[in-house]
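In the two assemblies presented below, subunit A is common to both, partnered first by subunit B and then by subunit C.
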Partner chain A sequence: MVKEIESAGLPIVHMCTVVPISLTVGANRIVPTVAIPHPLGNPALSREDEKELRRKLVRQALKALETEVEGQTVFEQ
Partner chain B sequence: MRLEIGNINIKDVQLGNETKVEKGVLYVNQEELAKVTGDDDRIASVEVYLAKPGEETRIIPVKDVIEPRVKVSGPGGMFPGFISKVEQVGEGRTHVLKGTAVVTTGKIVGFQEGIIDMSGPGAEYTPFSKTLNIVVKVDPVDGLHQHEHEAVVRLAGLRAAAYIGEAGRNVEPDDVQVFETKPLLEQAAEYPDLPKVAYVYMLQTQGLLHDTYVYGVDAKRIIPTLIYPTEVMDGAIVSGNCVSACDKNPTYVHQNSPVIHDLYERHGKDFNFIGCVITNENVTLADKERSSNMTAKLVELIGAEAVIISEEGFGNPDADLVMNCAKIEKKGIKTVLITDEYAGQDGASQSLADSTPEGDAVVTAGNANEVITLPPMKTVIGYPEVADVIAGGSAGSLKPDGSITAEVQVITGATNELGFGYLTAKGL
Partner chain C sequence: MKKVVHYINQFYAGIGGEDKADHRPEMREGHVGPGMAFQQALKDEASIVATVICGDSYFNENMDSALEEVLGMIKSHNPDLVIVGPAFNAGRYGMACGAVAKGVTETLGIPVVGGLYPENPGADMYKRYGYFLETSNSAAGMRKAVAAMSNLALKLLRGEEIGSPQEEGYIPKGIRKNYFAKERGSKRAVDMLIAKIKGEPFTTEYPMPVFDRVDPAPAVKDITKAKIALVSSGGPVPKGNPDRIESSSATKYGKYSLEGINDFTPENGETAHGGYDPVYANEDLDRVLPVDVMREMVANGEIGSLHEYFYTTVGNGTSVANAKKFAAEIAKDLVAAGVDAVILTST
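For the complex of A and B:
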């Protein structure tokens, strides 16, 4: 899906836990996430801390979306 | 570490007044077995059934399959950390009631439990259609959480297998096999001219009911480590996982791992089986990186020149498989991978979730998405309606006549990634 949307000319960010798979399938903007069962959250955190975590991940993804890339790029935290 | 496996060949199993082996027949005291199996306040009921090869019997949903064994000499007992104390096992002598298996069934825990058919087309896909099965149907009290339910049934199955295994304690085995791995430096010196081959044994540890235990420890919490292969034969590794039935390793398969047995078979002839590393398949990238780094380091440390890596399950563990492969190859050590495929019902899709150019020697156990129709059976032990919800099935899988149309994924052991099965492919 990431590649299809990109080939239509839209920049796209792949948020995922297993970055190597994302690299293998050819995503160009990759934001690493938390864990496979809960990519965008963390049940071990308090509600407040989890909200902050989610906000950070979304901000990171938006930043990746705005960034020009030359080839595959992983946007670490 | 040297272990003798004494196989007591069992020709038949019958219910009787006393649990014993006599002239190759295993008699099981049904009441006593139910009592031992149900010895847990969280269990509401236990029922005992027999299911033999060729019968028109279906067992559904199958949780685990366990081989009855008993430790007759050497330290420790069966299933250390669960049934016996956490003693080091893998030495001395163990008796096996060969040809029998304990199969646990009961209300469904998760959605990834299996089917065993004792005859018909489904029987060809599961190795447990050829065993004399003592089926314990264990149902818990109301109100348990899923993870408690899983633990209750897992432990009940181990108790049942240990209880039945005791019947072999004082029986003279029909044959005795000897397996031995020496301390590393001695082992390396024993066959200095043969290539050193190691085994990387990946254990399913995705959590959320997909877990494996080593000496009672949840393997997602281990750092990859070395294990004598004989420890595994004494029940050091126990399945607690509800990953898809076709490619999880039931406890029976750990006890009888074909990879370990075949490596021993050619040990000292074609190569020097130098050691075994157990590792996990966790759900964060940091865990995957750490475990694959440690695994690669350990196989290098023990001086392996080639490694067999087996996966358990599919999906994100494919990434662990590929990381293990790439990191070990990078050290100049050859790898062969054993996996299965989820290539779609037509077999045309990508088989694994990840890949690497280093993975140039791969053995497949088959495509789990292949569709099969299992005919109705005269007897169904368990809860047939779960055919619609277990992985590989879908709404309408169970037909009004009792037949089931689903992917082979639903069949226990259908694409086992240790090669524990009877189906093979031949080139034309």
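For the complex of A and C:
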């Protein structure tokens, strides 16, 4: 899906937990996330801390979208 | 008698489904679950001395440490061969089987036999580290998979020569093997050309590799003015799953309005995905589709705007062909709506 959308000329960032799969399928901008059943959250945290974690992950994704890349790039926190 | 260790996930071990996918590595004596059928097929030539079990999510979220633990368990039995799976089209299970195959090949140097559906992400990534028999996409193909995998395992244990992928039914490992052909190359080439001209079937001796890659799109110039859209393969849907998107092998995607949604709650959203424990997503769907923080970022000017619709499907055993088709339609819609960039979340 990532490739198909990117081939339409839209920059796309893939936020996922299993980065090797993302690399195999060919995403170019990748942001690693928390866990498979809750990529953008962590139920072990308080509501506020969890939202702050989500903010950080989305900001990382926005940074990835603003960054020119040559090939597959993983944007670690 | 030769010794075999079998690797399976928590589901096939009978421990549980997605709610137990965080099960840590465990070793049991003898065969477990599908291991019984393997033991019957291996007869008295080989014995499954132990079964190593790990939850699919645990393995994929802790790949390095989980692999080390699993390899230690396998090694403790000093086996002659390792069987992994079969994992059919289960993505995380296939990745785990592949990683175990790679680890065994590199550290123990003994043969590995597995079973995967060719679209399983584990196949492309790990096919060169074992003999992965090509299976159907679901456990309905278990009997056939066990027969084919056992057959190849016995050949390997007996030290017999292993034929080509076509002859044996395994996914090509990407290695070349020299052999003496009956006829010289020029004759074979002309025969092939004539067959092609006549419209008859022929098999190339040198399949071209498929490089299915897309160049990165240019970066967004100014994110504070950009219109961003959210897409997900994690199955986020409005409460009640109005279009009945399937929990696995999805045949459709959904396009849903975000109007009036500033924050997901158990009342307005849930997941349709059947491939992970849905408890956390159903409690707060922002954990899969971060609408709450995106709204906040629009309000404080960090991004220009949020596209008023989100697009969703279930990436659980869904065929590549369907995913491609959905995304082509979604992309068209996004371009028409003037979207500048996309965040796609996966579970």
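For this structure, a couple of remarks:
Here, the second predicted complex is superposed on the first by the 77 of 77 C-alpha atoms of A that agree within 3 Å, B and C clash if a C-alpha of one lies under 4 Å from a C-alpha of the other, contacts with A are read in each partner's own complex, and residues count from 1 in each chain.
FYI, a residue touches a chain if its C-beta (ideal position, glycine included) is under 8 Å from a C-beta of that chain, and two chains touch if they have at least 3 such contacts.
Just so it is clear, the structure is predicted and the values come from calculations on it, not from any experiment.
With both structures placed on the common chain, the touch criterion links A:Ile5 to subunit C but leaves subunit B unconnected. Once the two complexes are laid over each other on the shared chain, residue contacts for A:Ile21 go to subunit B and to subunit C alike. Using the contact criterion defined above for the overlaid structures, shared-chain residue A:Ile30 touches neither subunit B nor subunit C, since it reaches no partner. Here subunit B and subunit C are compared by how many residues of subunit A each touches, and C touches more.
Touch criterion met: A:Ala61 reaches subunit C, while subunit B stays clear of it.
Across the superposed pair, subunit B and subunit C both touch subunit A at residues 17-18, 20-21, 24, 35-37.
Residues 206-208, 283-285, 288, 316, 318-319, 322-323, 353-356 of subunit B are the ones that touch subunit A when the two sit in their complex.
Note for the complex: subunit C touches subunit A at residues 18, 21, 57, 60-61, 63, 91-92, 95, 121, 124-125, 212-220, 223, 226, 228, 231, 233-234, 276-281, 283-284, 286-290, 292-294, 296-297, 302-303, 313, 315, 323-324, 326-328, 330-332, 334-335, 339-347. Residues 1-18, 20-22, 24-26, 28-29, 33, 35-41, 43, 51, 54-55, 57-59, 61-62, 65-71 of subunit A are the ones touching subunit C in the complex.
Taken together, the subunit A residues at the contact with subunit B in this complex read 17-21, 24, 32, 34-37.
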